[in-house]
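Below you'll find a set of structures to go through.
Both complexes below contain chain A, partnered by chain B and then by chain C.
Take a look at the complex of A and B:
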């Protein structure tokens, strides 16, 4: 009991510390001072009266939302004597693996830089700055020569690293038993099993209405949809983050989604946020970074060729170029196993005074990165809001999909969860695919790394991301990936090679699949 | 014993031919006995011209109405709509209500607002577009009337001056228009179907209303045939979006009510345009027609009719396109030629709901009249759009006709 109390006070202290530096704090202070003018505030009961005022005026709610936001994002404190790297990642071998992976990426970036004789960063001449400013809304029409650039890495390179992960303290033994994990991931992380998943994702149970399933033609709207919309509107009127997060577990009506996500992520688009975005834009105009070319290349290769997202190509540049320069993103590295790459001013290699983080936000984009932003363009058409939402989604969720960690929502755990589900509940299929050299993870890995963006139709994808926000976890990606295999089990049993399993039709089919199909029609009853 | 349907076409497109072949129909030439002729607009002129003396028999169907140009020629469409409006006004119909500026509240359908005739203007090279900037006649280029040979009397050339929409709705900063397919099986009584899978065609170049950009064909014209030659044309998506994407985007960013209202208005425009030409259409029982409606949406989410095509393009620019057009023809044939059997023009042109495929009933005059014609006027007058018409569902109800 004592331990819990001291944990709680530690958490409270941390959150208070964090919020004290925020804009909300100064706003609250100002409001408190201003409220002294009000007749209902009496000197004798000053504290209670101000508290009451905050409650009525909605400021208490804003504070609640901010606290809730911090709780969702910030990991629980561990032992007080634990060093900061434990907050990033408690397991040593994972930290080491992440460290070497980062070294490889940076090496790749540096060698590209040297080969092409392009500096990592340079200041733009005034003429070029003017030109870029004019073209800001249509950077997509630019056709720079990107043929010499290659993405720094692709998901499949990352998968190879994960496959080779080993815990040096764990001896698997040579003898195969029914416990042997047949998949590619060979680290002993704890992942949820079906009963635990059922408990965790209780709102996805068959007896509870779902959007994306129960608003289809067969079910009359009176039964579920209308009521659900009504509740959603109520939640928005209350401006309560926690309620919104609970609500969205059953999916969000399209018209309410943009606001609900903003509420859950605690994004309110204040003037200073817009200003901050404009400042980032100025940084883009003034300096050119090598990663900019990587971003261009990525967008041109992925989103520009996508049926749904090609329209928003220009927005993607406007978001991603600014993102690269946003140093506020660096704070998430406190709980990310990754660390921002360091670069040195020319000629001062190794001298710490001349070290800078590169890119400024510490995130090197990989092939497909822009697809994290693309679906958001369907919800937000104002660039600074789009930017804020994306940034928050990244520092809460997406970073876990491309860094090596033991976190239950980290990509390693997701892969293991996927493989375990498949091996446990579809052993025949798993074994067959393994025999023909088509390990299921090789097919589903890219789906999970991209959180299914570009692989599902947008309306279905948004329903999926609703659940990510609702449960504050990425585990649903692994569950969905397993469900897709279950859904396609019959066809996949007939396949004789990895290439056949992966062929393009399979991909197009995924895009025409709806969660309705997967969850209701075939074999997912066992999951829920 | 029913024989196989004999088909002819003068349009060599795979989406057509594959559909005929999959039904086991037999290809013949036009000089032989044929049952089904998918013809180009040139040919229909010949078939129904006075000189030809062609008589179609009961087991022959063609894919155009003889005087479809009443709808598809811009100048005639304007004429017909004006006439229709005047008639409604005379009847004292509330549909013909105008606002304080004299603008029609419900019948301001289309882009064109002025019609000019001019005699003996020397022919100039065909320009694809005519523009006025707002209400000033800044730029005015003559249009070569598509079907001028129809005007039998003299060498009149019709000029249509169209109102240029300079505040189009932009998505991702890009201008786009909508292509919707509408099948009409009969004009009197009016029975028409809307294809659920229309698409948006995006410009490859960013839209700016500045005058220097006016000369850039790629910015303003969204027809794929022209966009295809722009440098940025992409062969995977072809610059096209499905209507359901549009709907998702609008609902997410603008809300459900205004989006449903937009789609309601689009259906409204289409039905009104068909009603306007129905009285003058030659409602030949051997005919059906699949039109391509081009619609543009302004930034107040008001739709405007640009034009109607009697021969919408059957060329496919991308793989998705090919699939869409193949299915379009398939569903069209299922409705026009029931059961794929030798047609009998005496049938009541009322297909069962199961064969509609991706079509939905847009307006069925017989059904509507059954429920009382004055319901239409009442519901429109009250500005209420009735129960949600926007959702395209295959529930079997005629969901698109809430304002019967």
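Take a look at the complex of A and C:
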């Protein structure tokens, strides 16, 4: 009991510390001072009266939302003896693997830099700055020569690294034994089984209404949809993050989605936020980074070729170029197993005062990175709001999809969860695919790394991301991937090669599938 | 009251094995680590901190010297304290752990609980089973439907099927899997509204 109490006070202290430096704190202070003018605030009961005032005026709610946000994002404080690396990633061998992977990426980036003789960063001449400012809203019309650039890595390279992950303390042996994992992932992470998933995702049970399924034309709206929309409006009126997160587990009505997501992510567009975005924009105008070319290349290769997203090309540049320069993103590395690449000013190698992170936000984009932003363009049209939402989504969720860690929402756990589900409930299919050299993970990995962006139709994708926000977990991606395989099990049993499995329409054309179809099947899991 | 680190000497781990035979298959699951305290002055042990490395359960025994003439005896302070809820997975495998002395007013030498609070078992208890008679009447209705459909020999998919204003059935029917006792083989999902 003593331990729990001390844990709680540690958490409280940590949150208070964090919030003290935030905007909200200064706003609350100002409000408290201003409230002294009010007649109901009496000197004898100052503390209680101000608290009451905060409650009535909605400021208490804002504070609650901020606290809830901190609890959702930041991990619990760890043991006092634990070093900071332990918070990033507790398992030493995973930290090492992540470190080697990062070295490889950097090497690749540096060699590209040397080959093309392009500096990592340069200041733009004034003429170029003016030009860029003028065409800020139509950067997509630019056709720079990007033929020599290549993405630093693609998801399949990352998959190879994950396949080779080994726990040095785990006896696997080279020969197949009952202890060998049949799938590609060989590390014994704890993943949820179906009973645990059922308990966790209880609102996705078949006896609870879901948007995307129970609002289809055959189902009369009085049954579920109308009531759900009404509750959604009420939740928004209350401006309660926790309630919104609970509500969205059953899906969000399209009209309310943008506001609900902003509420859950605790994003409110304050003038300071708009100003911050403008500052980032200025940084983009003034300096050119090598990473910018990688972003251009990625957008041109992925989002621009996508039927749903090509219209948002300009928005993507406006968000991603600013994202690369946003040093506030660096704070998430405290709980990300990855570390930002550090470089030193020329001639000052090893001196910490001359260390800089490259890119400034520490995140090197890979092939398909822009697809994290693209679906958000349907919801937000104001660049600074779109930017804030994306940044928050990245530091809460997306970073876990491309770094090596043992976190339950990390990509390694998702891969293992996918393989375990498939082996347990579709053993014949799993065995068949394995025999023909088409390990299922090789097919589904790219879906999970991109959180299905570009693979599912946008309306379905947004319903999926509703659940990611609602449950504050990415495990649903693995369950969906397994469900897709289950859905197409019959067809997949007929294929004879990996290429055939991927080429055949039934997996390529995920876009024609609706969550409705998939969930009916993935609902089967609930029955087993 | 200030707390200080007590200098101690941690010996290497010794495997507990039956017999002398050392085979690769017969790897022992129990290792013993001796910790000695070189300082002669008595102290009150408050906390033990360590970093785990794939140990699932921990027991601590202390050799207590009570007085000059009685021989020292071994006391179990902690028995099978769970460090890894699932020893075959990575949970808790490399965590930092602190073990505290519980407040015990009467004894000067630390008296630890010999049966500490066991680590939490994940509770997969089903709360509130449904009423059996209700379930059986609903099952009866489903069975009757099954019989009806089997009799009509169709392999067509049934989408949502309105049985009554209380039931909504979703089903995929695989007639080749019908058996005389019928029910369990159908993938019926009953949704009560």
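Quick notes on this one:
The rule is simple: the second predicted complex is superposed on the first by the 501 of 528 C-alpha atoms of A that agree within 3 Å, B and C clash if a C-alpha of one lies under 4 Å from a C-alpha of the other, contacts with A are read in each partner's own complex, and residues count from 1 in each chain.
As a convention for this text, contacts are C-beta pairs under 8 Å (C-beta built on N, C-alpha and C of every residue); 3 or more make two chains touch, one makes a residue touch a chain.
Computed from a prediction, not measured in an experiment: that's the story for all the values here.
With both structures placed on the common chain, the touch criterion links A:90 to chain C but leaves chain B unconnected.
Looking at the shared chain after the overlay, A:127 reaches neither chain B nor chain C.
When the shared chain is aligned, no partner comes close enough to touch A:21: not chain B, not chain C.
Legend: residue contacts after superposition of the two complexes on their common chain; A:138 is shown touching chain B, with no touch to chain C. By the touch criterion defined above, A:378 lies against chain B but remains apart from chain C after alignment on the C-alpha atoms of chain A.
Judged by the touch definition given at the top, the superposed model places A:168 against neither chain B nor chain C. Of the two partner chains, chain C is the only one touched by A:82; chain B is not.
Applying the stated contact rule after C-alpha superposition, one finds that A:305 touches chain B and leaves chain C untouched. Shared contact residues of chain A, touching chain B in one structure and chain C in the other, are absent. Per the touch definition, chain C reaches chain A in the complex via residues 49, 51, 53-54, 86, 88-91, 93-98, 100, 122, 124, 159-160, 170, 187, 189, 191-193. Residue ranges on chain A touching chain C, taken from their complex, read 2-3, 78-79, 81-82, 86, 90-92, 167, 169, 187-190, 195-196, 199, 206-207, 218-219, 223, 406, 520, 523-524, 526-527.
Against chain A, in their complex, chain B makes its touches with residues 171-174, 202, 205-206, 231-232, 234, 236-237, 239, 241-242, 244-245, 248-249, 251-253, 255-256, 320, 393-395.
Listing the residues of chain A that touch chain B in their complex gives 137-138, 140-141, 143, 217, 253-255, 257-258, 304-308, 310-315, 377-381, 458-459, 462.
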